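Take a look at the structures below.
Two complexes are shown next, each including chain A; its partner changes from chain B in the first to chain C in the second.
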Partner chain A sequence: MANTDIEARKQELLNQGYTEVYTRTKVLTDAVMHYCPGCGHGTTHRLVAEVIDEMGIQDQVVGVSPVGCSVLAYNYFDVDFQEAAHGRAPALATAIKRLNPDTFVFTYQGDGDLAAIGTAETIHACNRGENITMIFVNNGIYGMTGGQMAPTTLIGMKSATTPYGRRVDLNGYPLRITELISTLPGTYYVTRQSVQTPAAVRKAKAAIRKAFENQKLKKGLSFVEILSNCNSGWKMTPVQANKWMEDNMMPNYPVGDIKVDGKLVDNVDVARLAVDHPLTVMQ
Partner chain B sequence: MAKELKLMKGNEAIARAMIASGTDGYFGYPITPQSEVMETLMAEKPWEDTGMVVLQAESEMASINMVYGGAATGKKVATSSSSPGISLMQEGLTYLAGAEIPCLVVNVMRGGPGLGTIQPSQSDYFQSVKGGGHGDYQLYTLAPASVQEMYDFVFDAWDIAFKYRNPVLILSDGAIGQCMEKLYTRDYVPRWTEEERRKNAPWGTWGKPANRPHNIITSLELDSARQEVFNHKLQAKYAEMKEKEVRYEMLNCEDAEYIIVAYGSSSRIAMKAMQMAREKGIKVGLFRLITLFPFPSKQLAEVAKHVKGILCVEMSAGQMIEDVKLATNCGVKTEHFGRFGGIIPTPTEVLEALENKIIK
Partner chain C sequence: MAFKGQIVIDTEHCKGCGVCLAACPMQCLELSKNVNGKGYNYTQTVNDKCIGCASCAMVCPDGVISVYKKQC
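Now for the complex of A and B:
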């Protein structure tokens, strides 16, 4: 259904006395998203778009999409966009912002892109304190290529390349990149959120808003991790996948602010989190 | 910098030309023998003067991708490196070519393979003009043979890069980068104003005004039918470069019985060998390549019709010779002479090679 048809139908319903309670965000395009139903990408896209809309900065935003499930993010956001090589989005964003200081620049990356192949770009952009926003969607797996082990795959978690579960002796430990970059003086705001319930969505949106507001105030790098299910990669229904995420991902990747206004949050023990893996998971 | 006669290194000339040509940004990583490029920029502090951004990146991968990000906003953005670093940039270069982003990359070549040596070499010819990265793409490749050309070609690079929306490579080597020669500087070209940027790069991503659709910079097209159409478009662009942007220089080719084909440092040595040959009564000419892509095939073929033999001189095991043979359809006796691993041949060696491999 074309946009004009949608608008006409909407008008028709409003004329019949219906009330509009939920509508498309204008910063999202009409393109039909390719994401799997139930995946957190669609929700996270919408939250970023709502924040851009509410801040009135649509004409100042340049986004950078990664390689991975969200490679086509540029088709969904109605803002200028660049598509980076795998892992390099923070390098692109660095130059975009430095050469165009009046723009709002954000990267939108997955865990394979940001925490494996792009580790160097991630750490150095964070360490330089680039005045950008990084949105990091962590689903513990390489979704687009068919569900292989990611740096964030849990111990014992099955994937296409760990069919018997991730083993520490073979594959090493899951990487908590978010805790890691929170220890760098260049990061100003570091938080982990999720989008599996309405309450979580509201908190995630507030975090994204804060990340963009920090950029407006030229405070340095803001980093928002969003935990998402990958129901198709995990081979579960969306409902099962969200439950599995709460039971298994969240103990390993605790949700909440890690660093606010350039200071580590008091009750978050980053050093302990860096080494402690509380749960061995078997699917 | 106004017009002045100066003495400086080739690497310094690159840096000063970047500032003088209105370059908006430079992103680099140290590597011998080109580190003076970034050192000069940092010492000159152009951000206080022209507003040019200079940043030392964490790797060559980061610096070429910073070039991608910055240049994709429609600004003049450059990097430089030497052979091993340029190898690391190949991913970025194919993305830049695929996304049609104008930019400038300078390679001050050293000997390989691997970590190789830090002395001059010309063994990156294949990498420069035969792809380097994956996919069907070309870099417009300029080969300076003097410090003056190191300087001048930066200005030329911006014209070509934006005219064709294509990355430009200046392929130099450690000898030209490190040697000091006199050069005439030029008047400053101011950096583009906001209006000029928007006019010259309407495709750029600087924030979408309400009255235009969002600009997208990408090299991805999942529909292979469309990707083929795009590849045809790229090929048409390269064909136009071959038609209109070929550069070369001919010395003493009119009456030559033999010619030497060379570029960069080798062409300087070949020039001396040519003079020595002429003193001995051997009619030798020099065909110097200035653009390696597009290769001056037609022009070289024309000259080759009237000569008995061609000596290709290159500080490599013989890379450029393949394009020389293709250009002349192997119609003339053609041999390669080169030293490599960081060794620069002498004019005497070149003359001996000419006499032994071609004339004998």
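Now for the complex of A and C:
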């Protein structure tokens, strides 16, 4: 259907007494996202844009894009954007927010960007308690560069640089950076979500909303990890990849709030999670 | 209270990933045997059982599905 036909069809339905339940937000530009079919980056972009739309803050938002598959995020959001050097998004976001305290500033980063090359920037921005929102898309791999091992790659998980599976003796342990930063006094809200089912998407959106609302309170940093598939890097179809994520990523990276309103959630044992042997993946 | 739903798919921008098919509780969707301008087998509806729940739209990474509903 051409664009005009789509708009005509929508109008026809409204004329027939239908109400609109969902349509693509105007905070996303018309550009077609370059992501692989079924990639969680697209879904996560959509949710951030919908939250900005619903909060009515489009003209106050500044995003910071990373290096990784989402390097071109600035093409897809109709808000102000800056592009950071690899891993440096939290440092750039710090400056933007301090110089323009009335803006809503968010970083959008992958696991290679945020938890490998940018670890220092991540930890110190979190520890300083900058009043920013960090969106962290964890797909357990360096998607953009061809699927190399990331700090978040699971034990036993195959990647371009761990063709026989990640080995602890050779490659060390998967890094749960989200649990790690939750122990820092500067973080106000820390959560892990996912975007593979309608229910998960609704929860992830509520978490992103909270993470943006928190900027008004000026109490610290809000951090939302999103578990996402990298179906190309994992060499699966999108539907298979989402299932694999549920079976393998989720036991290692449990979904839910970790810290809310500056307090660790009671039933989450961060210390145990930080040292527990992660489960091994069978491929 | 029952609802009748309708969806409008921007087929030219669908990437045929299939995650919407897996999310639909009414099995309303399938991938077309035809391809769009980008070469993707786009999503189409196969029946009129849609209840307007928007599950398909929630999981679509490209936001190409619009959902409408009315009481019936």
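The rule is short, and it goes like this: the second predicted complex is superposed on the first by the 261 of 283 C-alpha atoms of A that agree within 3 Å, B and C clash if a C-alpha of one lies under 4 Å from a C-alpha of the other, contacts with A are read in each partner's own complex, and residues count from 1 in each chain.
Operating definition for what follows: a residue touches a chain if its C-beta (ideal position, glycine included) is under 8 Å from a C-beta of that chain, and two chains touch if they have at least 3 such contacts.
Just so you know, these numbers come straight off a predicted model, no measurement behind them.
Contacts of A:E83 after superposition on the shared chain: chain B is touched, whereas chain C is not.
Using the contact criterion defined above for the overlaid structures, shared-chain residue A:T197 touches chain C, although it does not reach chain B.
In the overlay built on the shared chain, the residue A:T43 is in contact with chain C alone; chain B does not reach it. Once chain A of one complex is fitted onto chain A of the other, the partner contacts of A:M144 are absent, as it touches neither chain B nor chain C.
Once chain A of one complex is fitted onto chain A of the other, the partner contacts of A:T23 are limited to chain C, with no touch recorded for chain B. The residues of chain A shared by its contacts with chain B and with chain C come to none at all. Across the complex, chain A is touched by residues 24-25, 27, 53, 55, 57-59, 61-63, 65-70, 72-73, 75, 77, 91-92, 95, 99, 205-210, 214-220 of chain B. Chain C makes touch with chain A in their complex at residues 5-6, 8-13, 15-19, 21-23, 40, 52-55, 57-70.
By the touch criterion given at the top, residues 29, 58-62, 64, 71-72, 74-75, 77-85, 88, 91-96, 98-100, 102-103, 120-121, 124 of chain A touch chain B in their complex. Those residues of chain A whose C-beta lies close enough to touch chain C in the complex are 1-3, 6, 9-10, 13-14, 16-25, 28, 32-33, 35-43, 46, 195-198, 201-202, 237-239, 242.
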